[in-house]
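Here it is, the structure in full.
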Amino acid sequence: MIENLTLFLILGPALLALVVYGAPRRLYGPLVVLSSALLFSAALLAWLLHAQSVAIALPAWTHAAIVLLDFALIGYFLWVGVRQNHRLIVLLALLQGALLGWVLYALSAAPLAEIVVDKLGATLWLLVTGVGGLIAWYAVGYMRHESDSPRRQQAFVAILIAFLGVMNALFVADSIELFFLLFELTTLSSFILIGWRRDAASRLSSLQALWMNQLGGVLLLLGMGVIIWQGAPLFFSALLESQSGWALGAAAFLIAGALIKGAQMPFDRWLLGAMVAPTPVSAILHSSTMVKIAPFMVLKLGVLLHGTPLAVAVAYFGGFVFVAGAFVALARNHLKEILAYSTISLLGLMVMLSAVATPLALSAALTLILFHGVAKAMLFMEAGVLEKLHHAKSVDEMGGMLSRAPMSVFLVLLGFASITLPPFGALVGKWVAIEASAQSAFLFLFVALGSVVIALLYFKVAGYMLGKPGSQMGLTIERIPRVFSVTTLLLGVTLALSAILIAPTLVYLIVPAIEPFAPGSEIAHKGLTLMLPSGDLPFWQIVGAWLLLLLLPLAGLKRMRRVDRVREYSGGERIEMQPVTFYFPTPRWIVRAMAIIGAIFFGLIVLLGGVLWVA
Amino acid sequence: MIKQLHIPLGSQHAALLEPLRLDFSTENERIVSVRSDMGYVHRGVEHACMNRFDFKKVPFVVARVCGLCAITHSTAAVLATEQIVECMVSERAQWLRMLALEFDRIHSHMLCLAHVAESSGYEALFMHTMMERERVMEAQEILSGNRVQFDYATLGGVTRDMDSQCAQALLAKVGALKSVLSGLRDRFEANWSTQMRFKGVGAITLEEAYRLGTVGPIARAAGVRTDIRIESSHLPYRALGFEPIVALEGDLYARNRLRLEEIAQSIELIERILEGLPEGAHLSKVRGRPKGEAMARIEAPRGELFYYVRGNGGAIFERLRIRTPTYANLKAFEAIFLGQEYSSIPAILASLDPCMSCTAK
Amino acid sequence: MFKALIEALLNLFKKPDTLTPKEAAARAPVSGSRGAIGYSEEACIFCLKCEKACPPAAILFIRDAAGKESYHHNPYLCIYCGECVRACPKPDEALWQEERPVLSSSDPAISKRWFAMEKEAVASKVRYKKAKR
Amino acid sequence: MGGVVGWLLILLAPLIGGVLYGMERKLKARMQRRAGPPLMQPFYDFFKLIDKRPMVVHSLHGYLGILHFLGMWLALAVLLSGGDLLMVIFMHLLANSFLIVAAFSVRSVYSQLGGMRQLLAILAYEPIFLLAGVGFYFLSGSFEAKAVFELSSAPLWAMWGIVIAIIIVMPAKLKKSPFDMAEAHQEIIGGAEIEYSGLFYEALYTARWLEYLFAYAFIVLFGGANWLLGLALAAVVFLLVTLVDNATTRLNWQQTVAITLGLSLPLGAINLLLIGIQ
Amino acid sequence: MRRTEITPDRLLGEVRAFYDPTRWRFLTVNATDTGAELLIDWIFVPIGRDEEPVILSSCVAYQAPLPSLAALIPASALGEAEMCDLLGVAFEGAKPGLFLEPDAPRAPLLKTPRERDDD
Amino acid sequence: MRLERFRKKSPWILHYNAGSCNGCDIEILACLAPRYDVERLGILNRGNPKQADILLVTGPVTHRSRDRLVELYTQMAEPKVVVAVGSCTCSGGIFRHMYHVGDGVDQFIPVDSYVAGCAARPEQIIEGVARALEILEHKSHEIERPFQLRGPLYCSGEQTIRRQMAAKVSDETN
């Protein structure tokens, strides 16, 4: 059963994408909904049925197909580079080709299954198909507001759906060779989708994304090279079992490659550039699923790193990015940019936790991966709604959005709250994070500082949206197309429900997924009470905070009676005050310094890889 | 990104004693431009003095231009009028006028200092300064019978004489004040937080001070050696051996110190006046009606106060013109505000010691 | 800061500068303090010098048909300058300034009544002049 | 704490907080050589505020004030019931976030500046409190306040640096000079509070009492099992904070953030390092 | 009071000729309604010395346009605005409204106050 | 419990200078200083109309400040009292009949306590405030309107919109 589901989850999206693309205009919307539902049910079923790891060996011909596809991709990149006259891309493509050729040349077949479905993979499928499916659905509505031809719109949505298959496969690929292909496929989809709008900015951003991700590919290939050099099989499971130094070296390269995909500094620019693309792109590729490759990779190899200087380097790198990303975000003004940087920042935290690799830390990391995915997807979708329906892109234009788009603002606030306030998943993740990182030196300082800065960031933006309500602020729910409201509300409800059920959620969703990597997690629950070894989160606190946060929107809807309305104090003058906000201009040198520090960390990781390999 | 945010201050505001409206455009709280409206207190005193009140009432009316420097207004009006009516003012009366002026300076400066402390969030220092200020207020009551509006200077002299008992009481009050002055200075200066808050804040350069025509403590704190007490001979300040105090930095810190030093100086002057008070009548008769024109300048607590009077032989002035020190300084305010943090504005404003009721009359 | 800290600490043990209600009540105004304006009709010779001298016109004399003047004073208009007393030929007898200040009032009519009185004072003089002519 | 005492304290919190606030006002007045208000003044204010005609800028704003109060109570309850210290801090953030959102939701520059500065104040003190939480964890092996109260040797001795750090940021938390820029009466007239009146201001006013109690209860933790020592420490800090309030001017937000973080964060970190080494 | 008579168009030249901000302070501009015309005085006082002030003056018709000193002496703008407000002097660049509200009398310090423009 | 009792014990002040000469204002400031320490009576200077119970006005109300005065007054929640401090505030004082003043605050808003003096002494001010507090204790929660408000208050359902209340005056006077 699992095998079939796996195949469906991997290949199904491509098929469905074809159907969606080819479907008549009228049918394509429902078809997207249907595909999303199908995929999600499959993922849910797989998750429910999953008992232990299932290995799936692919038929021999697939190897040839993989190789073919690999070269096709690299060839395509080369072509893009030549056509766009982008030397770096050409160079990297050639490098990739050479490295790949060499790897393939030295590769010897191993009797291992290419795909291993473990609980972690099954859990991540839920995220990919759940969030991704909703985004695809949302994209149907979103693309109607684009100037594209219907055919092209359908193509766009189809690519999104097909992409889900890639991600599904990626999270269960055991063969690094296969993983490389999938990695390159995500690069390709990034490139295509970022460049979707075909204007100058899109072109530049997409090319930037391409070369940076190619560099990631090169690093992956280097990692593979190390493994091949040692004559070891090109599989994660094999890699994890070998205890020698070269394995660490290989892991370092693999992780470094993944970190680029996770847009960790100094490679943050490409994710920022993704802003120019239609919003669903940002939502699906760059916040909720694709960038998660970075923490996923660290999480996967975490056990191998455990206790090595490499782990320390990666952890501090992650911690640094957490704080630095939040700081840089403070200075930003476009909502999407802010969201992008806070994604980078939080990815840093996940990377850090994955590198710490204690059961608690891994649980925290996975919690963050999941809930951040849900929250960020929702936030990006709302950003899209604000952009499309209210023509507000920068935070300035959102002054007083509350009176125009209460529902969107409310959901944005919910999204922000879910990352900064108890009892939401992401915050609980952070809480667990501190409790986990407290055991390992000073990492928690990063967590403490970073979470405060993130809170500052979010409240600042939230405040701005609330800034200028109309004179008599009654909240009337605005009319927005059903696609938008249903998709975002579903995510919102997920956040709200998971918040009150956070204890069971953690115990039944997160812990089993982490178990195989770091057995002996001490997270438990009693009813709604969440219990960690170092402290409890009793149910009444969860419920209390939840009620307060839920009372708020209810309160907003209920007008007070028998209470006078008065105008704001303005020193006795009858002037309308305008909303204000601070901006925190991060001086250029700080941004540069942060990039440099990031680069040093990054270089250190790669260097450590090299040293460990040689040693 | 909208970088400029407008922060209005006033017309009613906790940091303001008087209605005044400042509209700051700020970047992150840093002032980039300011617009002001200082006409809230315009009552039309000049008009009333030219239409309703006869010249003998004018000193009492113009005293109500401002309660902080009431005595300077009435003295200036009196000094100007005395030039164009027949009257002999005794030396004693002139000395007593100086005495009242110096008291007024002390109380005004102390109020300003207290207000600076309050505006910078140092409530205890505000209380402390106000507590010490009570001594001056009491002295003023002993001197004139009222705490604020002295109604002391009048045409031909002063409204009441002073006996030796009164002089003793005054000496005791200023003596007590003198003894606490150094402690007060310590609290303004020997404190890291006041230094952080005041040093280099709200500064004006010497050049600007000249260019913008500043007067009074603001000018002196920036290094301009200007003091009407030496620049005019309406009042016999020279007999007291007077030398103006000047500071260099021109910032809030310097202005605080300058005011404290001027308080000490005024105390000294008061002691000298009480010591060498000449004998004579405190009040002499005024004959005739104002005819011709005259001007008078005196050093008010905030700087140069100018009165111009013109009579045509009638009981009512043909023209009375007041130019107050704050009025002269207003242009400099803008220059001082620019580039400051909004959070320092109340303190800066307090230290500039603006007086809108003087300005708008 | 430390000096200020210590001083604040020491202040805890000093008697507060605040007047207690009793002290405040017992505290007579400073001798010579300028307070309420007192008037005695018996001593007054109705020279009207005080009315003329008063800057805010807080003293009004209203003349009835018989030419009898009645004195009116508005303590809520008076500026307590003492000019009236200085102008009065019989200071301390007809008109004097007390040391105690005037107490507050809640009578909402003070202002209105005075407006009427101001008109009346002018009118009464005109009327009287006319009648005399 | 925990147990019946804890819950009793939680119930009576506004009362105790009110008295604490009254004491502070009295103390402050005496330090300024004034007689000061009666001890029960906060309660007089309380009853008066109930009696005012209710008035809001808009409903949401009013509700948010009440939510702020409830949130503060919840945060206090988490602390006094011996809950997880990190959660205590997050709950406190939750409570404050209502106020901040409220501050931004009205069209008043002062309110919004207040909200902004409140955020910055949080930036200034929150990391230190998190640091303290971790410090307690190092000593007791648990993040729970309960566990701290079982420590036989008072954490005060081991966590000296953090105690000092907390004392440094305390004014920022309680909105006292020199770090009271969030309230800054003379600049932004109370900041976030400015648009509240009557009953709704009441919520903020009482939330402030709770905030006092919250802050000082956190200090009591440093006494460990020896809660008398903790109380004494809290009393000393109380006196100290009031004294400093009466001996300094207000600093602006840049200075505040620089001083609090620049001074207390390294101090706390070094202290933690030392604890870690042991 | 010693006056130097000038004509308005010579004002700027005259002032430039002697005005040194470190030696002279511009005290104020003053206007007096003599009943037939306006007497305008520009008063300069010495800084730090007890000397006679310099008074430049000029008699002009009520509505005659007058040059502004603001470019040379920033502090003069205020005085000019006030004179414009209270006496209706037509200084270059000065607008009424510094002190007076819309419903107040126009140019109240003139001997025969002007009618309000709007009624 | 009779809540009215507490009004007297915690009167918060808003001070507005409607064109005074500052004389009375500095005496109000002196009331806050240690010598007279009005906080002993529970008095706090809030500087914010919304949280104030007593409006201390000084000055004869100049034309430019009258709108502001009324605006601030309407922003105060009932029960509230107004204390006119100083002769010029009670009746215009020396400024009476000048062309840019309104001859006393009671031309604009109801005054509960008139404090004489020029300048009013701190003792007088405190006494005047005390008198106003007696009145405050017996006031109802009914809306109090500024005098220059003509026409009905804007009400929707059970709530009164105080914004309009102030705007009316502005329309009238400008």
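By letter and in written order, the chains are A, B, C, D, E and F; residue numbering begins at 1 in each of them.
Here is the rule we go by: contacts are C-beta pairs under 8 Å (C-beta built on N, C-alpha and C of every residue); 3 or more make two chains touch, one makes a residue touch a chain.
Keep in mind that this is a model prediction, so the values were computed, not measured.
Common neighbours of subunit C and subunit D (chains touching each): B, F. Number of steps on the shortest path from subunit C to subunit E, with steps defined by chain touch: 2. Comparing chain C-alpha centroids with the centroid of the full set of protein C-alpha atoms picks out D as the closest.
In this assembly, the chain whose C-alpha centre lies farthest from subunit A is C.
Averaged Cα coordinates give subunit A a centre that lies 66 Å from the centre of subunit B. Averaged Cα coordinates give subunit D a centre that lies 34 Å from the centre of subunit F. Note on chain placement: the centre of subunit A and the centre of subunit E lie 70 Å apart, centres being C-alpha means. Among the residues of subunit C, those in touch with two or more other chains are 1, 4, 7-8, 16-18, 55, 79-81. In subunit E, the residues that reach two or more other chains under the touch definition are 99-100, 108. Multi-chain contact residues of subunit D, defined as those touching 2 or more other chains: 29, 31-36, 53-55, 109, 113, 185, 189, 194-195, 197, 246-248.
Screening every pair of chains for touch gives A-B, A-D, A-F, B-C, B-D, B-E, B-F, C-D, C-F, D-F, E-F. The residues of subunit B lying in touch with subunit D in their complex are 5-8, 13-15, 29, 117-125, 127-128, 131, 191-194, 196-198, 341-347.
Listing the residues of subunit F that touch subunit A in their complex gives 16, 48-50, 67-69, 71-72, 74-75, 77, 143, 157-163, 166-167, 170. Touching subunit A in their complex are the following residues of subunit D: 53-60, 62-64, 67, 70-71, 74, 77-78, 81, 83-87, 90-91, 93-94, 97-98, 100-101, 103-113, 115-116, 119-120, 122-123, 126-127, 130-131, 133-134, 137-138, 141-144, 189, 194-195, 197, 265, 269, 272-273, 276. The touching residues of subunit C, when paired with subunit B in their complex, are 1, 3-4, 7-8, 17, 29-30, 32-34, 53, 55, 79-83, 86. The part of subunit F that touches subunit D in the complex is made up of residues 1, 3-7, 9-11, 34, 37, 39-42, 46-48, 50-51, 53, 77-79, 141, 143, 162.
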